[in-house]
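Next come two complexes built around chain A: one with chain B, the other with chain C.
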Partner chain A sequence: MTVFVEAKDVPTNLKQPLSNLLLSLADDEFILGYWDSEWTGVAPTLEEDVACSSIAQDEIGHARIFYQEVTALTGTPIDQLAYGRELPDYRQAQLVERHRGDWAFTIARQFLYETADLLRMESLSTSSYQPVAQAVAKIRREEVYHMMHVDIWFERLAQGTPTARQRLERALESLWPDALGLFEQFPDEDMLLQNGILTTSNAQLQQAWLASIAPDFARLHLAFPASPSSHSDVPGDVQYLPLITPRLGGRYGQHTQDFRVLWEQMTMVYRLDPQASW
Partner chain B sequence: MSDFSGNILGQPMPSASDEGEVFEVFQQDQKDPFPHHGGNVRAPDGELAVHYAREFYGRRQESSRLWIIPRSALLEVRTQTPLPPAREMFGDGETQVNAAQSFAVFGQKQAGRPLVWVQDLEEMAPEDAEKVTRRTAQNIEGGYVRLWVCPRSAILELTNQDLLQPPLDRSYRRLDGYNIREKLRIARQRVQAEKELSS
Partner chain C sequence: MAETPQKPIDDQLNEQHIWKALKDVPDPELPAISVIDMGIVRRIDVDAERSHIRVEITPTFSGCPALLQIQQSILARLSSLATDVEVIVSMREPWTSDLLSEDARRKLHGVGIAPPPKVGRGRIIPMLISRPLTCPHCGSQQTVLENAFGPTPCRAIAYCNQCHQPFEQFKPI
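Coming up: the complex of A and B.
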C-alpha cells in the first residue's frame, strides 16, 4: 500500500474525496465543540463548568487540526473553512447539529459520539495518509479524558434520580436515529478504502460500535435499538441489526434547522467582513 | 473506592455540604522535589474530584502528578493551638480505626506559603501517627505552623500523562495563540497604506 507522506503526494483524483473526509472529521468536532461550549457559565456546578468548557475547547482544537490538513490540500484559508462556507458545504453528521438541549441530552449525545469517535480514530491511526495518522495519534490521547468524563456522567444519570434517568432515556430515544447516521458512507468511500486512507468502512465501524456499547446499555438496563443475530457458526461473530431507520444526509450537505440557526450565529462576525485581517 | 467519612484520625476537618465534598489538591511538576498544596475542588465524589483537579491544577501542563485528598481524611495540627484531650482526638468507638497503616504528612513553614509533603510514616497506629506529627511540628528545622496528616490510602493519585501533559500544542490557549501580533502587524501595514493612498 502506498503511503502518502504529505499533501503534495496525493494524486489529483483523491484530493476531493480526501478533503471531504477531513472536512467531515473537522466539522463533527467543530459543531459539537460549539454546542458544548454553550455550557460555559451554566453547567451544573462551577467545577463542571470548567471541565465542560475545557472539553469544548479541545474539540474545537481538534477541528482546527483537521481544517489545517484541508488547507494543506486545497489552499483554502482555515478561517474560511470554519466560518466561510455555505450550509450545504458543511459535512458534519446530523447528530452533532442538534441544539445542546438539557444536560442529559448533552451527555447522551457525547456518549454516543465519543464511543463512536474512539473507534473511528483508532481505525484512522493506521491511515495511509500520514498527516491524518499523526494527528489522530495526538487527538486520541486527549480523547481518553473526554471518554472518562462522559462515562462518569452517563452512569450517574442512568443510575441517578428517576428524573435524571427519565431525561436520559428521552434524550437517547431522540438521538438514536442521528447516532446511527454518524456511520453514513462518506462520498467516494470505496476509493478512500482502496487507497488505505480509510482502513475500515463505515458499515464495519457501525457494527464494531454497536458491539462495543451494547454491554453498557444492557448493564444499565437502557433500551438498545439493535438486535444481535448470529450469521455463522463462528463464536462471537454477531451482527447487530438496527431496529430503527438512521437519519442520513449530513455527509452530503443536508442539514437540520438547528444547524441553520447555529450557522447564522457562528458565522455572524466572519460574514461582516470576510476579508478583514483580525 | 474507600469511604473516608469515618475519619480514622478521629477529627475530620469540616468539609461536607449539600454542594458535595471538598478535596484538597497537591500538585507536583517535574521541577518540584515534592508535591505542594495547590488548592481545593468541590465534587460529589472522588471520581469527579480527580477530573476537576485535573482541570484546575493540570490543564496547562503545570503538573505531572496530582494528589487529591478528601478533606475528611485529613487531620490538621496547628502548633499555636493547645492540644485537645486525647480521647476527643480519636473519635468514638464506631469511627475509630486502629489498624496500623501508612500516613503522609504535609507541612507549612509560614503563613501564606503552601503546605508541602514532608514525610511518609510507615505502618503505625493512627494515634502514633498523630503523636509523631505533633513532634514534627515542633522539631524540624525551625518548626511548622501547620501540618496535615492523612492515611496514604486516602490519596487519589493522578499520574496519567495523557491527562496531565497533553500531546497537543496548547499555544491557542495563550494570548498570542491566534498569531495576534502577526495579524496586528498586517493590519497596521494596511492602515498605513490606506493613509498614504488617501493623502
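Coming up: the complex of A and C.
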C-alpha cells in the first residue's frame, strides 16, 4: 500500500476526494466548536462555562489542523477556508450544525458525536495519508477529556430528576436521524478506501458505533432506534439495523436553517473585507 | 589584486548553540519556562555553510493560541545568528506532557501549578480522576479536582483542603 508522506505525493485524481474528506473533518469540529462556545457566559454552572469554552477551544484547534492540511493540498489560504466559503461548500454533518439547544440537547448531541468520532479517529490513525494519521494521533489524546466530560453528564441526566430524564429523551429523539447522518458516505469514498486514505467505510463505522453504544442505552433504559440481527455471515457477529431514516446531505453541502444563521454570524467580520489583514 | 580571504565558518552556528539560544525564548503562557523546557522544540537542523537554520516545533495542545507567537519569538531570537531561519510546525510526533523537562516541572511547581504525572506511551486514560493530586503549595494530597478544564487547554482546576488554596493542575496528556 502506498504511503503518501505529504501533500505533493498525492496524485491529481485523489486531490479533490481527499480535500473534501479533510473539509468534512475540519467543518465537523469547527461548527461543533462554534455551538459549544455559545455556552460561554450562560452555562448552567461556572465550572461548566469554563469546560464548554475549553472544549470549544480544543475543537477549533482540531479544525485548524485539518484546514491547514487542506491549504497544503490546494493552496487556498486558511482564513478563506474557514470563513470565505458559500453555504453549500461546507461539508459538516447536519448533526453538528443544529443550534446548541438546552443543556440536555448539548449533552445528547455531544455524546452521539464523541462516541462516533472516537471510532472515526481510530480508523484514521492508520490512514495512508501521513498528515492525517499524524493529526489524529494528536487529536485523540485531547478528545479523551471531552469523552470523559460527556460520559459523566450523560449518566447524570439519564439517571437524574424526571425533568432531566425527559429533556434528555426528547433531545435524543430529535437527534437520532442526524446522528445516523454522521455516517453518510463521503464523495468518492470508494477511491479513498482503495488508496488506504480511509481504512474503514462509513457503513462499517456506523455498525461499530451502534454496537459500541448499545450497551449504554440498554443499561440506562433509553430508546435505541436500531435492532440487532444475527443474519450476518460471521457467527456471533451482530449487525444493527437502524429503524429510522437518517437525515443525510451534509457531506454534499445540504444544510439547515440553523447553519444559515450561524454562517451569517461567524463569517460576518470576514465578509466585511476578505482582503483585510487583522 | 587582493586575495579574497576565506569566509570563516561561523563557529557559533552549530546545533548545540541553537538549543542553548532557544532557552531564552519563554512560553508566553508560562514565562518562567522556556520553549525548550516545554518540549515544544523537537528538532534543529543547521547548515553553517549556507547560514541556514531550520527549527521544528510542535504544539502542546491543538487549541493553543500562543503557537504563532512562539514561532515568531523563535524567529526573532535566531535572526541575528543566520541569514536564513525557518520555523516549521510539525505534527510528526504528538506532544505529550512527558516532554516537560525536570526544570519545567520544578518551575511549574514554583509558580503554584502542580506538574502532571508521567503518562507513558500507551493508551491515554484520564489520569486526572484516577489518582490523588498533590498540592504545589503545601504538598498535601487532601485535594479535590474542581474542573478537568481550566483557563488554558493545558490546565485543570483543583483545591487543597489542607491549606485551603486553589491550584492549577497541568493536565497529563
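One rule holds in what follows: the second predicted complex is superposed on the first by the 274 of 278 C-alpha atoms of A that agree within 3 Å, B and C clash if a C-alpha of one lies under 4 Å from a C-alpha of the other, contacts with A are read in each partner's own complex, and residues count from 1 in each chain.
Methods note: a residue touches a chain if its C-beta (ideal position, glycine included) is under 8 Å from a C-beta of that chain, and two chains touch if they have at least 3 such contacts.
As the structure is a computational prediction, the values presented were derived from the model and not from experiment.
Placing chain B and chain C on a common chain A by superposition gives a clash between them. Contact with both chain B and chain C is seen for A:E47 once the two complexes are overlaid on the shared chain.
When both complexes are overlaid on chain A, the residue A:H149 reaches chain B and chain C alike. Legend: residue contacts after superposition of the two complexes on their common chain; A:S277 is shown touching chain B, with no touch to chain C. Of the two partner chains placed by superposition, A:M191 touches none, neither chain B nor chain C.
Look at A:A211: by the touch rule set out above, it reaches neither chain B nor chain C.
Shared-chain residue A:K138: touches chain B and chain C both. In the superposition on chain A, contact is made by A:Q57 with both chain B and chain C.
One listed stretch of chain B collides with chain C once both complexes sit on chain A; from 23-31, 95-103, 131-139 or 185-193, that stretch is 23-31.
Overlap of the chain B and chain C contact sets on chain A: residues 47, 50-51, 54, 57-58, 61, 64-65, 137-139, 141-142, 144-145, 148-149.
Listing the residues of chain A that touch chain C in their complex gives 47, 50-51, 53-55, 57-62, 64-65, 131, 134-135, 137-142, 144-145, 148-149. Remark: chain C residues 59, 61-65, 91-92, 94-96, 124-126, 128-129, 146-151, 153, 157, 171, 173 touch chain A in the complex. Interface residues of chain A, counted against chain B in their complex, comprise 45-48, 50-51, 54, 57-58, 61, 64-65, 137-139, 141-142, 144-145, 148-149, 152, 277-278.
By the touch criterion given at the top, residues 19-20, 41-43, 47-48, 51-52, 54-56, 59, 160, 162-163, 166-168, 172-173, 178, 183, 186-187, 190 of chain B touch chain A in their complex.
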